[in-house]
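Right after this note come the structures.
After this come two complexes, each holding subunit A, first together with subunit B and then together with subunit C.
Let's turn to the complex of A and B:
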């Protein structure tokens, strides 16, 4: 029973890693670039949503507001840090996204201060007991939110014209452009979606983690491990790896000791890179020279 | 153009020496932002309240001349490396009379050595980690310019263990964070359990990192071991996560720990789950004496709050300034070395908001760091959280404090 409890608690944290990792995947698919400031996007969206709540905006109106803010941030990152670098076929986006992230961090410190603040939510945090496992409605909302958002985006990619363009650019950028699809706009779309995912992650985890400038710094490292272990182009693979890593962390800290909590994630990352450099669920790519 | 520079230089020369001569220059350092900010900012605000009062009365009488305080503030952000930088900066100031502050033990360990090298007097408040003072007794320094004005972790851990035994617990779990403060707190607790006759069995010793929010695994270990109480050493946000985690897995045992459990970022983030949490306190925001009432009202009015973020830090900051002022007066000098000598032999009692301080320090003895510690067990009480406020845990303590003040 204890094991079940540990696995469930860990898996829920793992789902959050998976959601953030999914944000990495979205942009990697279309542009082979990653926003290294993704954690700051999570944090800024959470702060913005908290501010909306402070202004008296009701919770259910705050969610779309926060998500829209995330989309705008994503588009800003694309315009400011990624587009030019991609046009010049340089790797400049690595540094530029880190710099935009740092700017966001300083901005948050100056606007909202460095304190951790509670994030009010109408969802109860009184535990329910299901088959002897304690779980709070807030945690269930995280799980539902993660699956719903990822499901919707995957559906969008498969069923709509815009989504098909997205898939086409992911598959082969040059060929897609020859078919009349604007790669630039598709990359914009992917960064917008990635910002949306970050905002959702911020809104979902804030009631559990509290909101502060450093709230995502631990999260982002784990999410990065998850994305790399799962493979940067694997879609739902991140969910499986996320859940696995989250549970593994909790199990380690229970059975081996809380000092070893971070170890399995790192070992997993090294093993994955050594054995399957494209990720456990990644496709081995053929690179034509 | 040249003329302007000459004029500027001359005015500069005229102004700066005049400054140093007429004021008592002190530095207040601490984390004014970040997870430890409620303590740092309250300490600073409490100290500034005392400074304002003293300056409003014309200042401190130094050898027949009234001199006001001049305060410089430094935010160490609770970061050890910032502490080292600030320590170096302050050590290089020749006209500094003293330093008051520091919340984090790691920051103290990183910065104080520079002050000690130059013999600059410092009163540490409210950092409580034992290592801040034992580092000097271990090194066996013959002279020490560092004093502490806080209930050190030795006293606090003794009280925590005492309280757990008094409540007839036999099995406890120890939780601590991975910082200097948390680890040394764990060692203090272990030592105290041994010292007080091994009446408590430690069923789990669990660690967590700054920023951790999911404590389920650690708590389940404690629960599986049958812990009847959790003894905890850490800072606000993570301890709130422990408290919330306990509510989640339905673990209803008291949380007893260091005084940091009274931080507003613990109380706010733990909400109703924080009720019943116990911790040692040197000051409780309860206007039981006229002096306490005046202090609490003045604080609320000056900083527009209805609750002091960290009452202990505020009161300690306030009293520390008065003790420092008394030392300057007795030394008849703003020279930091003379102030240190006066602090080691303070002849006049200082009426503070926490207590009346009779000869709080004595000549430094490397074999006994208590010579530079002001607080004794008698000045500390157990506090309990009720509806988001810290109150006296034992009515008898409250009565005792009222009686002491009446004397």
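Let's turn to the complex of A and C:
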């Protein structure tokens, strides 16, 4: 039974990895680029949301506020670090997104300090017992939030014409332009959505992990592992890989020792990289950008 | 004479290589104009430079009198130019119907009600290409080459374009399918579509065209109504032999 308990709480964390990995996929689909500062977006959105709460904004109004902030951050990253590099068909976005992330990190330290702070939530942390496994409503809200947001974005992609245009740019950017679809705006849209996803991840995990400048540095590495293993272009695969990695981590941490918690994610990443001799982005990918 | 498309002294190339060196051509409203020439002559490059997939280095492209050279491909498409590119380039993972809807992207609402707004145009395409109706829910990548070409043409028609560019629609297709493609082109002509057509089957292209240009190494080397070109010994020997 204890094993089931460990798997369930690990899997919930895995869903957050999956959500952030999904954000990587969104921008990779339209532009074959990803934001290496995505973890800072998670953290900055969490801090901003916490500040809204500090100002007395009610929780359920804070959520859309925090998400909007994430969208704006995503758009900023696209404008500041990605667009020029893509126009010049260079891979400069790799370094530039890292730099923007570092700037975000310094900004957070200066504005909010280095301490970890608790993130209040009206959702209860009293454990419920379901089939002998104890789970808190906060944890359930993580699962609901992850699936709701991913589901909504997928629905958007499939059911609206703008979403279909997003898919068209992902499939063939040049041909999409011939339909009158602006690839540049679609890439912006994808960065906005990945910012949205990052903010959602921040709001969902903060009550569990607390909020601090380094809150997402481990998270982002694991989300990256999940994205690489699931494939940067393969939809819901991230959910399965995320749940797998999350569970594996908490099992490792319990049975081998908490110091080994980060090991499975790193090993997974190394294996995935070894299995892709062309690198994560693939030769074809970089040429197409 | 009303020119829907007028290309003046166009220069374009890739990197340091100059491919087009002063291409001029005109397509009058409602006419089918063929652009023929050997492989590598620069026909595809001409189309790409017109539609903005490639930025021309010099010269002008007038679409219905308005200069469009240098604009993004998506802008030029929005102004009424539909380019069905070489190799068809349908959106493989999307359904046939979604491909068609995206053809009309510029004039449909982005969120809701786009399907209803496009219904009449979709029906017209399905009358023209019944096979696309049969396969409308299939992903475009599962279609045969001929069907994909029909889809590429249907998608371009969905825009209700002022001018359509059609690059080698018969490329890689079996002879019977090539016949169908040319039947479709005759239908487009009958429907009054203004069309610039690139074809390797020069004879078939000249049969349907009102006017034609012959391209060699990035330049137009001959032009005229098909009958004139048939009388041109050099053209006859090189392309219509």
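Following the convention adopted for this analysis, the second predicted complex is superposed on the first by the 270 of 289 C-alpha atoms of A that agree within 3 Å, B and C clash if a C-alpha of one lies under 4 Å from a C-alpha of the other, contacts with A are read in each partner's own complex, and residues count from 1 in each chain.
Keep in mind that, in the parts below, contacts are C-beta pairs under 8 Å (C-beta built on N, C-alpha and C of every residue); 3 or more make two chains touch, one makes a residue touch a chain.
Everything numeric here is computed off the predicted structure, so don't read it as measured data.
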{"item": "Contacts of A:51 with subunit B and subunit C, given as first, second, both or neither", "value": "neither"}
{"item": "Larger contact residue set on subunit A - subunit B or subunit C", "value": "B"}
{"item": "Partner chain(s) touched by A:9 [first = subunit B, second = subunit C, both, neither]", "value": "first"}
{"item": "Contacts of A:167 with subunit B and subunit C, given as first, second, both or neither", "value": "second"}
{"item": "Partner chain(s) touched by A:254 [first = subunit B, second = subunit C, both, neither]", "value": "first"}
{"item": "Subunit B versus subunit C as contact partner of A:121, first or second or both or neither", "value": "neither"}
{"item": "Which of subunit B and subunit C A:141 touches, first, second, both or neither", "value": "neither"}
{"item": "On subunit A, positions contacted by subunit B and by subunit C", "value": "none"}
{"item": "Residue numbers on subunit A that touch subunit C, as the complex places them", "value": "160-162, 164-165, 167-168, 171-172, 174-184"}
{"item": "Subunit A to subunit B touching residues, read off their complex", "value": "2, 5-6, 9-10, 13, 109, 113-116, 118, 125-127, 129, 134-136, 208-210, 212, 214-215, 217-218, 250-251, 253-254, 257-259, 261-262"}
{"item": "Contact footprint of subunit A on subunit B as seen in their complex", "value": "33-35, 37, 77, 178, 206-209, 211-214, 216-218, 220-221, 224, 236-237, 240, 244, 247-250, 265, 268-269, 271"}
{"item": "Subunit A partner contacts - residues on subunit C that touch it in the complex", "value": "51-53, 72-74, 77-78, 82-83, 85, 89-94, 98, 101-103, 105-106, 108-112, 114, 155, 159"}
